[in-house]
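Each chain carries a letter (A, B, C, D and E) given by its place in the written order, and its residues are counted from 1.
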Amino acid sequence: MKNPYIPYQVNIIDAWYEAPGDRCIKTFKVTFADEKVWDTWSHKPGNCAMVGIPGVGESMFCISSSPTEKGYLRFSIMKAGKNTSALHELEAGDSFFIRGPLGNNFPLDEWKGKNIVTIGGGIGQAPLRPVIQWIRDNRADYGELELIYGARTSQDHCFKTEFEEIGSSDDCECHLSIDVEEEEWPHFVGFVPSLLMEVAPKPDNAIAVTCGPPVMINFVLQNLEKLGFTPDQVYTTLENRMKCGIGKCGRCNVGHLYVCKDGPVFSYAQLKEIPEAFA
Amino acid sequence: MAENKDFEPNIVAFLCNWCSYAGADLAGTSRITYPSNVRVIRVMCSGRVNPLFVMNALQQGADGVLISGCHPGDCHYMHGNYYARRRFNLMRNFLEYLGVEPERVRMSWVSASEGAKWKEVIEEVSEGIKKVGPMDQFKRRQLNW
Amino acid sequence: MNGKPRIGVYVCHCGTNIAGTVDVEEVVKFAETLPDVTVARNYSYMCSDPGQALIVDDIEKAGLNRVVVASCSPRMHEPTFRKTLLSGGLNPYFLEMANIREQCSWVHPDPIAATEKAKRLVEAAVVKSRRLEPLDAKEVDVEPSCLIIGAGIAGIQSALDIADAGFKVYLVEKEPSVGGHMIQLDKTFPTLDCSACIMTPKMVDVANHPNIELMTYSQVEEIGGYIGNFDIKVRKKSRFVDIDKCTGCGICAEECRMAGRFPNEFDENMGMRGAIYMPFPQAVPAKYTIDKESCLFLTKGKCGESPKCKDACQAGAVNFDLEDEIVEFKVGTIIVATGYDVFDARLKPEYAYGVYDNVLTALEFERLVNASGPTGGKVTMIERGKKKKKKGAEEEAPKVPESITFIQCVGSRDKSVGNEYCSRVCCMYTAKLAHLVKDKVGHDCEVTVFYMDVRAFGKGFEEFYDRVRREGVKYIRGNPSEIYKKGDKLIVKAEDTLTSTPLEHETDMVVLSVGLVPRRDNREIIDLLKLSQTSDLFYMEAHPKLRPVDTASDGVYLAGVCQGPKDIPDAVAQAKGAASAAMIPMASGKVKVEAQTSFVNEDTCRGCGFCVELCPYTAIELVEVNRMGWPVKVARVNEALCKGCGACAAACLSGSIQQRSFKDWQLLPQIEALGVK
Amino acid sequence: MVDVNKLREKAREVISREDVRELIGYRPGTYGFRARPAFVMGPDDTGELIFTPACVNNLASYIVLEEKLPVKRGEEPDLRKVAVMVKGCDSRALVQQMEEKAYDRDRILVLGIPCRGVVDMAKVQAKYPDVLEMGEIALEGDKFVLSFNGTKEEVPREELVADKCLRCRYPTPLVYDELLDEEVERFADDDFADVAELEKRAADDKWAYWEEKFSRCIRCYSCRNVCPMCYCEDCVLDRLQPQWMRRSVDISENTAYHISRAYHLAGRCIQCGECQRVCPVDIPLMELNRKFYKDVEDLYDYEPGTNVENPPLLSTFKVEDKEDFIM
Amino acid sequence: MALKKLSKEKVGEALAELSKFRLIAPAKSDDVVVFKQISDPAEAYLEYGNSTVPPKKFAFPQTETLFRFVTGSPDLTAKNVEEEGTTVIFGLRPCDARAMAIVDKLFSWDFDDPYYLKRRELTTLVGMACVEPPSVNCFCTSLGGSPFGTEGLDLLLTDMGDYYLVEALTDKGEKLEETLSSQLEDAPADDEKKAKDMAAASEGKIRRSINTEGIPEKLPDLWENGLWKKVSAACLGCGICTFLCPTCHCFDIQDEVEESGEGRRCRMWDSCMFEEYTVHASGHNPRPTRKERTRNRINHKYSYYPAHFDVIACVGCGRCINLCPVNIDILEILDQVVDA
């Protein structure tokens, strides 16, 4: 068995900024330096990887591309501290190292035939992107797909061009929002939970997946309940500080669950049982 | 520690921009030669030098550290050198107490006109460190586990 | 979003200055191996136009975002290369220099050692450059106005110069009149101009100048802000006389029930005044003032049936309801011209000042010889503490002294009283006063001067001293040890050190040539402006030689004796210097403030105030902020005041205050790079 | 001796005050002779309070150790006073904390305990390793009286007393609102003989001495966390950017840790001895602190934690400060 | 298996024999006993109670390299634990050995931790029975251990006065017996029974206890209970209780680079009692105060660990009680849990 602490080298095929500012977001499209790794690699939407640079350190990120996108992996990384700042310095042609896939994944097989609504905020769209992509690439297997996404300003929206493309396709419905009024913004203005109430997706035969800042998630969960979603219809991902990613180093647990192994994907039904999950 | 003829100490020096750095520059313009084992970090004022920098330099492998500033009363920032004097007196005593020979942590006042003194200082520091030998005991010995 | 560091390293040959010793090619090759170095080049003269063009070109073509120049001392060409970066469109603070000339090739003749060291220095510069950050060289607007504190000759001169140049001046004087010490003097050495004659026109000018707002009997209470934007608060003390109405006729003073009951400070307490008074006839403004402490009505609430002054004043100017007035305004610069006090002769008890009536200070003697002084300019023996005789009563004509003795260096050059310095004016004013004695009292009045040295260093001084001696003034070298009375006479006990003979010199009057000392209320200004003091306790200039009128605080200048003893021409010269220094920022309308300043991480600062205590420029203050709902104190740097010394950064235990371009995070890799063997 | 009933009564009175949020005192420990900190939130909790020579902890630490949770929207932070019991040495921590503006005088209510010495619990433990049931210690004259399992034993004071108490200069608290007992006159002084002794050794010798000590350190940071003067919200030594000290536990980094810790306490350490007391591997930290303490006193005539008005040592200077070491 | 005996005179010889391996034994510096690699048998201090720092650090070093690298180069070289060689830990207490057995489960949970497991494979544990419980705060018997417990051990020594009774418990133990064959003799026949009696006597001397039944299930229900605030109030948030706990296994991973560009990724002990243990990059801390951290520590040992591995992650060695500077006593906390 492979030493789980030794990462694979990946080369950056392309890199671009999604959002500006102090906590800017950069997306990297990478492929394994050693092509052979692809043969053993398999990940599912929701899986994560430890991403790092030897000499700097490692951090956990979700793989923001779907396995249906072949030949590359994507990571969308917000600048937050030491590791992410170093990663942000990298450009196409450079390389970094990843370990994974780690963690569990969204039970997309179980969701077959259901309507799916994703509710994202800011960088929280990163783990939702592979779900959306997966469904669009396996469109027949799923019911309606509805996307709800918001960020502080239009600048802060991730995956802008993709949303434009999706918005104009008839694949799914796409609802966007920003927190504060801006000129020429054609979509909703307000917080994501309000947008959710505005869109009011039906709970019947539906699954809601949400990810974003903790406050947003809290209100989204409340609102989903109001809309009639039961806890086992709702999924989210958690982000706790972690070091090893393989259930040894201790810190990422919420209650007895290890975010790195039992998560990061959890159903609301699961989390409701654990008081620490909403600390 | 035994004296080692071939040993060339490695000295990290923190110089204030206005006096000591200028003094060292003057030594240069006057072509006054001195040992090449001193490597200078320029700060605006000797008051900027955190005594823990000394620790860091020694830990990294320097054999000695020199802090140099303006003579009392001449500080470009009025009293930065007085603060430095207090801090380094204490730090130096403390390191000596731990077993770091006082020859390794030195402080000097060198003014912008004292190119010749700069040479003397470096020679003295360098000689002193040669006498006590390389500083190995504190070096990061990291690849050990 | 300042991507990956792309560093350009430029190694200069400096002709053969560097390349003659350092193997420049090798340094370049080495630099190429360093992480993030995109290009490394060498060139004969980096500072030349083509050298700089090389950098600009690479910034554009190779997308450099950091530049390391290995050449001469940054003290020499840092500004040059900063400009180069700027013209390449890069923030100038992305430059780091390695000094491989002054501190390498010129001092280490061995090419191998020099090359080795050059590599290390380049490496240290490269690792630091990776962590450089762009800085703004900020500018602040300068209010085109100046506050001048103190209206002695220095303050007056500065005020006139600045006002004439078209800037607004606020001139604040503590006393009821402008003029300071100079207007107390009789004649001035060495030219013997009449002090009042040359001074009063200037005093009148400041009062009338359209650009000067004169505030006498006023005090600065608060100063906030920094160069360009000082916020000033001045208290105009109530005179209980409406100066807009007062015509200066003086009837009130004649009528005052307390007239002639109080010593007049202006006359060094030798003349008398009433509760309502004008300090001297040429006072500017020529207005009367009621002294709160002396006035019956103001102390007791009652002055006979009704206050006589008020009744007498036909202009209706006397008004006991007047209150202190607070005025606030903004200025761009400040000149401090608060002058001095004379040495308190009581601190030398051996001279019996305060014991015998006819031991005088020189300043008292100035008033005595002055035509507008208490004796109308007659030098007579004095009787202190004598109540003024009833009006009209016949007065016995006071005795004229037959001999007068001066003692120099009283309170100067004297460690025993803590004043090591020379007061610079005593030798000459002694000569002047000695001359005036000969002139006014007559040639038969015997004049003796005890001195240590005669310092006659100024223009025309030696000639004047010579003249005085020729006039028959006797100079005895020796420091008197005691003064005592024998019958009517005062005995000065001394030793003539030239002949080593002890002597007991008999005289009618002794004049002590007291030195100039810092004002006893100096603290007021120090607290307002956080000025420093030199060891003699005069205000400290920014540099004793090159910046004698500047202070450590930008925008605050010194003029006159408050900075150190000097005579009138020097005071005037410095006043003009201070005026022009103050006008530079006002004229340009903007000042650049230091970019490599400190700043505080308010999330980690623990509010201990260590940095606040230590900052020589009082650039840091503790402010209360809300940290997740809790009120906490944290340090905050006023970047306009910070000079970027970094002393605070080394004192902060939590690493919360950091100096830009010299952050711990930037210096540590440099230390590492240089530390390894 | 502090009368325990009086102490509890006073505590009850204090904690009943509207403007007091919490009272920090001592209560019996869980086994043997231990005593431990007590956090009294209401009058009913005062019944357990004690003060005996087993009350070794410096409670001043807790005032600055408090973790402030974000105040919820619409709520006000609780800014009421904290009452704290301090011995003479502990009180100096309060003084020093206030000198450093950690809080204002009116934030705390100080119950001062004039003290004649506490035990060194390690010595007690070594002498009576088998005592599990709660025992009691009292100081009577120059003897400690230990009562346990129905027996009583007397032990000379010097045998069990903490080292710091043998050098105590300030047995009566320097700051207090109430004194719980009669003032105690200074009964000892400090000549720093231990430090002087070490100073005299040869450089190699000293380094070897410290290397052995530092090599034991497991960097549990208990010495830092317990110290009443180590209260930065975010210790520089924990930071990664910049990283002053690596997290690796080896002789070099451990030495760096000990240099940094001691230097950060130069002119601030008030000699309460807590750091050394808590160290699980018996590193003589006081020998480090005392070196700085001695030098600060000798060179700058400065004694930390004795006067709230003192300016911070390293943010001030005197023109005439010694500089014989400067070239 | 036949019991052997090792006479005390021969201990030095035996240790010398074992020095051909990496030999770890208790040693004393000042008054502190720690396990150390020893080269001279005289360094071993076998008359000890228990060590301050548990011997876990020889399976799970406080700082250990995961791999080395040179910055910028794609080659990563994993640390080869085999280089450390075969290790014998001599004289550890039964509780500490049992702790290793417990921690083994974690390091082989789904992902095998190659470093730890390799080192365990290479290590032989020679235990030393507690004829007298070394501390009043020992409570191993409450957790299924015993002063004469054998779990995790390869060999158990019992101090019989003049000699040690030697019992091989595993193949590794037997191998070691072979190595020591010239120092070992056959044990007297009745020693087995004698040892049993001694074990019973020693167990009887264990003074403290807790009935752990039901605690793992009960703990989650006490999440909001006021007891946490109370029991943690005095806590300093230091690393003593966790670093000195033989079952605590949390670690941090950090990279360390030299100026030369050579570096390593390594892991080092971390403590759940440290404030920064769980802080996110945003500054948010899910366990912001010592209350949450204490609660997590107890829950981790007594609820989460049993939930995953069917065993409580505490062996009752009493170190955290003995060395907590503010007398936070896990047994008192557990008593309160039981009573709540």
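What we mean here is this: a contact is a pair of C-beta atoms (placed from the backbone, for glycine too) under 8 Å apart; a residue touches a chain by one contact, two chains touch by 3 or more.
All values reported here derive from a predicted model rather than from experimental measurement.
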Most remote chain w.r.t. Chain A, using mean C-alpha positions, is C
Relative to chain E, which chain's C-alpha centre is the most remote?
C
More C-beta contacts across A-C or across B-C?
B-C
Indicate the whole-number Å distance between the mean C-alpha point of chain A and the mean C-alpha point of chain D.
49
Averaging C-alpha coordinates per chain, one finds the centres of chain A and chain B separated by a number of Å equal to 53
Where chain A and chain E are represented by their mean Cα positions, the distance between them in whole Å:
40
Could you check chain B for residues that touch two or more other chains and list them?
51, 56, 59-60, 79, 83, 87, 140, 142
Give the residues of chain E touching no fewer than two other chains, as numbers and ranges.
63, 71, 252, 254, 256, 258-259, 261, 266
Where in chain C do residues touch two or more of the other chains?
603, 614, 651, 664, 668, 672, 675-676
The answer for chain E against chain D in the complex is residues 29-32, 34, 52-53, 62-63, 135-137, 207-208, 230, 233-234, 236-240, 243-244, 252, 254, 256, 266, 268-269, 271, 274-276, 288-290, 321, 323, 325-329, 331-332
Report the residues of chain D in contact with chain C in the complex, numbered from low to high.
68-72, 75, 77, 79, 100-102, 231-236, 239, 241-244, 264, 311-312, 314-316, 319
Give the list of chain E residues in touch with chain C in this complex.
71-72, 258-261, 283
Name, in rising order, each residue of chain E that touches chain A in their complex.
66-67, 69, 71, 74, 76, 78, 106-107, 109-115, 220, 223-224, 249-255, 257, 261, 263, 265, 267, 270, 272, 277-282, 284, 286-287, 292, 296, 299-300, 303-304, 307-308
Under the definition above, what is the set of chain C residues touching chain E in their complex?
35, 603, 672-673, 675-676
